[in-house]
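Labels run A, B, C, D and E following the written order; every chain starts at residue 1.
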Amino acid sequence: MTLSLLIVQLLNGLQFGVLLFLVAAGLTLVFGVMDFINLAHGVQYMLGAYLAVTFVSLTGSFLLGLVLALAAALLLGLALEFLVFRHLYERDHLDQVLATFGLILLLNQAVKMIWGAAPLSVPVPEFLSGNVRLMDGILYPVYRFALIGAGLGVGALLWFVVEKTRTGMLLRAGASNAPMVSALGVDIRKLFMIVFAFGTMLAGFAGAMAAPILSVEPGMGDTVLILAFVVIVVGGIGSIRGAFVGALIVGLVDTLGRSSMNDLLRLFMAPASARATGAALSSMLIYLVMAAVLFVRPEGLLPAKGRS
Amino acid sequence: QAQEPIKIGVVSVLTGPAASLGQQVRDGFQLAVDKNGGKLGGVPVKITVIDDELKPDVAVERVRSFVESEKPAFVVGPVFSNILGAIAKPVLDSGAFLISPNAGPSTMAGKACNKNFFVTSYQNDQVHEVLGKYAQDQNYKKAYIIAPNYQAGKDSLAGFKRYFKGEIVDEVYAPLNAMDFSADLAKIASSKPDVVFAFLPGGLGVNFVKQWSQAGLQGKIPFLSAFTVDESTLPAQQDAAVGLYGGMTWAPNMDNAQTKDFVKAYEAAYKIVPGSYAQQSYDAAMLIDSAVKAAGGTGNPDKLRDAIKKADFTSLRGKFKFNTNGYPIQDFYLVKVAKRADGKFQTEIAQKVFSDYADPHAKDCALK
Amino acid sequence: MLSVEGLDAGYGEAQILFGVDLAVGEGEVVTLLGRNGMGKTTTVRAIMGLLPAKAGRIAFGGRDLTGAAPFRIAQAGIGLVPEGRQIFPTLSVEENLIATAADRSGKKRWDLERIYAFFPRLRERRENRGNQLSGGEQQMLAIGRALMTNPKLIILDEATEGLAPLIREEIWNCLTALKAEGESILVIDKNVDALVRIADRHIVLEKGRVVWRGSSAELRSDSAVKDRFLHF
Amino acid sequence: MAEPALALKGLAKSFGALKVTNGVDLSIAPGELHALIGPNGAGKTTLVHQISGTLKPDAGAILFGGQDITRLSPQARARAGLARTFQITSTIPSLSALENVALGVQAHSAHPLSLFRDAASDEALNTPAWEALEAVGLAERAHAPAGSLSHGEKRALEIAMALTLQPKLILLDEPLAGVGHEEGERLIGLLNSLKGRFAMLLVEHDMSAVFALADRVTVLVYGGVIASGAPAAVRADPAVRQAYLGEEG
Amino acid sequence: MASAPANSAATTRPVAPTVRRLAPLVIFILLALLPLGSMLGLPGHWLTLVTRAMIFAIAALSLDLVLGIGGLISFGHAAFVGIGAYGAGILITEGQTELLVALPVILLACAVFATVTGYVSLRTRGVAFIMITLAFGQMAFYFAQALSAYGGDDGLTLYEKSTLLGHEIFGNRTGFYYIALGTLAFCYGLARRLVASRFGRVLRAARENAVRVTITGYDVNHVRLGAYVISGMMAGLAGFLLANQTDFVSPAYMSWPRSGELIFMVVLGGVGSLYGAILGALAFLVTEDVLSSLTHNWKIIFGPLIVLFVLFTHGGIAGLVAKLRGRRDG
C-alpha cells in the first residue's frame, strides 16, 4: 500500500467512524445516560433518512429539507416517548428490548408501506458536491469532509452538555436513581422526555446526513444499530468521549481491515486462500476487536465515570 | 363451468431491503395472470403469495406447510439461490413443478438437476460471463473485481474470470451489509485498472454507484456490472448510474411487440419500470399458460412436463428454449443505463455478447 | 407547616401504615420513633410522594400535596436525607451537591462554601465519585445535598447512621442552629438521647400506627416509653 | 502463645494519591473480639475488603491462622473460614431468609454444587440454617424474601449468613448501623454470646457497643493505626478523643 | 449497571408454586393432544408449525437457563443452534446418518465452543457480556459462511435424515412431532431439576448478588460457565432437530437476528420461569404464522401487539398466567 492510499484509507475510516459516531451518540445518550436500551434507535436513523428524502425533494433544498427532517424527527421522538418509552423507564432492560423490538417491526413495515421497498436516495447538495484533490490524482468528496465536520461538532456539543452542564449532571444522576432526583425537586420525567426526543433527533440527523451517500432502504437501520452498539461498548457505555473513540476505532479497523487484509495475508498464504480467509476475517475483524477489548477492559476503553 | 382452479404458490421475498426485487417477481407473475383474465392455459388459477423473508428456515417452514396443505401444481420462485436450496426439496418431493423466475444456481443445473425443476432466467454464472467476455473482447488488460462475501459472490467472480484472461489487480469480497465503499474506491483510484467489474445487488449497488460517482470515477474507468445497475436500483442511483454497463438477457427497450405491451402495462399497473425480475416471472407465467394449454390441464404430470420442456410460448426475450437440465439456452446482451425522455431510468441493449448460449453444467445432468 | 392526616400506605398488597397523623409546625423539631420495621421510612416515603398514599391527606405550607409528584413536593420546600444515603454514584461529590441545588426557602442559607466548611472531609474528596466514598462520607454528602436545596422543612431518615461520634455531635449542633433559624425538622434516629435535647415533640410508631405522642418532657417522664428508647 | 487468628503485616493500599491503608500492622488472637474504630473515611472498610479479598493490597501480607492468604481468591478465603458482613447490607433479595442462610451451609457441605438433588427440601442444609436464623432471632421471617425484610432484619440476616460459614474469623462492618435500640441490644447480646467461638473484627461507630463488647480496640486515622490496646486505655487516650471520640467517649 | 439491583426485582417476580407446577403440565398435555386436533379440522400444517415451535422452545428454554436463571444475557445463542444443525448437516452429507454418532459429536462440539467462548465472555458482565457473546455468535456465523465445501452462504440441503440404529425415525411427521415433544419435555425436566438443585440455587443467587455469593465461598464464574455449557449443549440439540426438520442448514441459523429472536421468545414468555420460554416460543412462532397468513404486512400488526403486550403486562406470559390464577384464587 502506498502512503497516499494509506492516507485516503485513513480518511475513509475516519469518515465512516464519524458516521457511526453520529448514530452511536444518540444511542449512548439514551442507553448510557438514561439507562434505557432502545433497539429502535436504528429505525429512527432510517426514518431520518426517509424524512430527508421526502423533505429535500419537496423543498428542493438540502438545508431546508434537513431542518424540516430534524423537526419531524424531534416530533416523532416526542410522540414515541409519550406513547411508549415513558412507560418503560422503570422496567427491566429486557422488557425495553422486547418493546423496542416491536417498534422496529412496526416502523420498518410502515416505512415500506409509505415509501415503497425500492431503495431511494438524496442528491448531494450542490454547494457540497465536487471533490478535493489530495495528491497524485486521488480525489476526496467535499460532502464527506462536511460529514466529518458535522460529526466533530455534534460530538463536542454533546460532550459539553453531558459533562459540563447541570442538565448533564441531572441526567447522569437520573440514570442511577431517578426517584431520588425527583425527590430532590427535579422533574426528571420531563428531562428524560427532552433527552429522548433529542436522541431521536440525533439518530435522524445521522440518517439524513447519510442519505446522500448511502442507499435509503427499509431495514437500513438494523446493521447500523449493531455497529452502534459495538461502538458504544468498545468505547465505554454512556460516555460521549468513549463513543467517539469507539466509533473511530470501529471505522478505521473495518476500513483498513477490508482494504489491507488480503495484502497482509498474501505475504504468507497462496493468493486464493488469502482471499477466502481475508474476506471471512475482515468481516469478523470488528467483532474480534470488540471481544479483545472487552476481554482486557470489560468496561470499555473510556468508560463513563462510575460505570466501571 | 365450475372448473377446479390450478393452485400456484409464488415464493418471493417481500420483507427487508430485497423486497423490491421480490415485489417485481410477484407483480410480473400477477400481471400475466391478469392479462389472461385470471386464467392460465384457459383454467382459472389460485395464487398464494408466500414471503420467504430471505430466511431459509422461514422459507422452508412456510413453503412446506403450503405444499402439504394445498398440494399445488406449480411453485414459482424464489429470487435468491439460498432460498431455492432450502425450498427445492419439499416442493419437488410433493410432486409440484418448481419454476424459478430468477435464481439459477449451478448446483441444480448439474448433478442435482431435477425433472420437475425449470428456470426461466439463466444459470447464474452466465450473466457474469457476459461481462467477462465483453471485457476480454475489449482487450482490457487489468481488471478490479468486487462482489459480496457469499456463495453467489464467489461464483460471480469465478464466472467473470472464466472469459477474462487479463490481470486481476484485486479481487475483493465485501461484507454483505457493506454500506461504505470509499475504501474500495480509493483502492480503485490508486490502482488504475482498465476496467472494474462489480456484482453488488440491491442496496450494495446503490451505495457503490452513488459513491463511485461522488468519488469522481464516473466516466473515467469503464464500469461493468451484474445486478448492480438495474431497474430495481436505478430509481435510487439515478444520474449516477447513467452510462454504466450490465449484462442481461433482456431490457425494457427490447425491440419486440410483446415487450412494448408488457412494459406499458407494468408501468401503468405498478408505476415503475419493470426489470428482469418482473420479466422472467412474467415469462414463467406464460410458460405455465402454454404448458397447461398443451397438456389440457394439470392432471397428467408427464404430459405437462413434456409441454413445459417445449417452451412453446412467446417470451419477452423473443426466442427461448430449454436445455436438458431445465435451464434456458438463449442470447445474452451487454446493457447500458440510460435516462428516458420521461425522466425515468432504464437499461437498454447495447450489444449482443453471446448467441444461443447454454450453461456448461448441463453436461453433468443425467436428464435427457 | 407539614400536616399528615389519616395516612394509609403500603407496598403492593401489604398495608404498612394505618391512619398515621402527624404535624410539624414552623421552626419545630419533631421525631419519629419506633423499632425496626414499624413504618417510619414508609411514612417518609409517602410524605415525599415516593409511595402512593392509599388514603389520607398530606398538606405542606397550606397547600394540599396529596398525590402530587415527588418533585412538586420537594419544590414546595421539603428536603430529604433518605435512608441508605442514596447519593448519586456516578457523579462527583461536587456534582452531587450542585446538581439539584436550589433556593426553596428564599433565604439561601446554604451554598457550597458553607457545606464544605461544615464537612471539611467533603472538600477533600470533592473530585471523587459518589461510589468511591466511605459510608460516613456518603452520609455527609446526603445531608449536604439536602441542605443545598435550602428547604423549609428537612426530613432526616437515619441521617447519622455510620457517622463517627464527633461528626454526629456536629450534626446535632447543626440541627440546633437550624432550628434557631426557624427551620422545621422531621427526624428519625436511633440516638434518642441526643434528640430529646433538641426536639420539641416525639411520635412513636408501632406496626404502622401512632401509639404515643408527646413532648420531650413527657417522654422523659413516661417510664414505659422511656425504657424503650432512652439509655438512662 | 497460639498462632493469631489474623495478622496483618505492613498492609498498604492507595487510591491514586490517597493512601487509604498506610502500613497497618494488626493481630487478632483466636476467639478475641477486636474492635476497629476511627473517623469516617479512615480506611476501615477498605481494610475489611482487603482481608476478605475483594480488594488487593498494594503491599504487605495477610496471615490467616498462620497461613499467608494475601493472594488467595475471596471464595478460597471464605472456604478457609473467613466470613464477613457488609457495611451496606448485602443479601440475595429474591431468595427467602432461609435460603440465604442455607447458601452458606451448602458452601461448606461435601457437595456444594450437586446438580440434581432438590435443594429446598434438603434437611442437611435446612437444619443448620434454621439454627442460625433462630440464633439471630429471625426464625419467624424464615420464608420471607430477604428483599422485603426491614433494615434491621437484614442486618441480623447477614450475621446469620456469616455464622453458617463455620468461621474462624468474622469481619463485621458496622453491624449495628441502622439497627434500632431494642434490636441493637439483642444483637449485642448475640455477639456477646458468640464471643470465644471464633475471632471477630468489629468495625463500629456505636461506642456503647464497642466498649461493651471489645477485648481490644484499634484506632485507625488516615489509614494508620494511632492507638491499640485495652478498651479503657484507648478510651482515655487524648489523641483518640481528639480525632474521634469527642465528648461522647 | 448501576441500577441493576432495582431492576432485578422485575425479573424475579415470585410465581406461586402451584402455577409453576400446574402450567407446564397443562402445556405438555395440550401439546400431546394437538395431533388429535389436526384430525378434528385444525389445518394440516399445524403439526409442522408446532414441531418447529417446539424445537425453538428447546433453544429458548436453554437460553432461559442462562438468561433467566443465571442473569447472563447471551446474544449469541443461535450459534449453538447453528453448530447443532451444521453438525447434523455435515455428518449426513458425509454419509453418516446415525444419530448415536451425530449426537455425541454435536454435544461435544457445543460443549467445547461454550467452554472456550464462555471462559472469555464470563470475564465481563451486563452489556459487555451481551456484546461479547454477540461477537462470538457473529464469528461462528462468518465461519459458516466461509464453509464453501458445505454450501457457504447458500446453505446445505440434506437429502437424508438422521437415523437411529438404521431406522428412519424422523421420516414420519407425527413421529417427528412426538420426538420433538419428548425432547422438549426431557429438557424441561432437566432444567427444572437443575434450577432446584444446589447448583441452581447458587446460580440464582449469583444473578442477584455475585459478591455475596463469592464471599460465601463459591467460584461464581465456575458455576456460570457450567450453566453456559449445559445451555449450549441443549441449544445444540435443538439445532440437530431443526436440521432434520427443514432438511436444510444455513449460516442464517446463526445470524444475530436469530439470537435476538430467542431472547424475545424468552422475554415474551416470562424470564426465569422456564415454562415461560416454551410459551414464548410457541406464542412467537404461532402468532407469526397466523398473522403472516392474513397479510404480508403482518409486522404492522405484530409490532404494536408486542409493544402493547409489554406495556400492559409484567413478567411476560408466565407473569400473566400467574396473575390470572392469583386473581381467581382470590
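Just so we're on the same page, a contact is a pair of C-beta atoms (placed from the backbone, for glycine too) under 8 Å apart; a residue touches a chain by one contact, two chains touch by 3 or more.
The shown structure was predicted, so the numbers you read here are calculated from the model rather than taken from an experiment.
Among the other chains, C has the CA centre that is most remote from the centre of chain E. Farthest chain from chain D, judged by C-alpha centroids: B. One finds 75 Å separating the Cα centroids of chain B and chain C. With centres defined as mean CA coordinates, chain C is found 45 Å away from chain A. In this assembly, the C-alpha centroid of chain A lies 35 Å from the C-alpha centroid of chain B. Multi-chain contact residues of chain C (touching two or more other chains) are listed as 89-90. Contacts with at least two other chains are made by residues 14, 149 of chain B.
None of the residues of chain D touches two or more other chains. Per the touch definition, chain A reaches chain B in the complex via residues 2, 4-5, 8-9, 12-13, 15-16, 19, 112, 116-121, 123-124, 129, 131, 137-141, 143-144, 210, 212-220, 223-224, 255-256, 258-259, 262, 275, 278-280, 282-283. The part of chain B that touches chain A in the complex is made up of residues 14, 16-17, 19-20, 22-23, 149, 170-175, 177, 179-180, 182-184, 186-187, 189-190, 202-203, 206-207, 210-211, 214-216, 232-233, 235-238, 272.
Residues of chain B that touch chain E in their complex: 14-15, 49, 51, 55-57, 60-62, 64-66, 68-69, 81-82, 85-86, 88-90, 105, 107, 149-152, 154, 176. Listed in rising order, the residues of chain D touching chain C in the complex are 15, 38-46, 87-88, 148-153, 174, 177-184, 205, 207-208, 243-249. Considering their complex, residues 43-45, 48-49, 52, 145, 148, 151-159, 242, 246-248, 250, 252-253, 289, 292, 296, 299 of chain E touch chain B.
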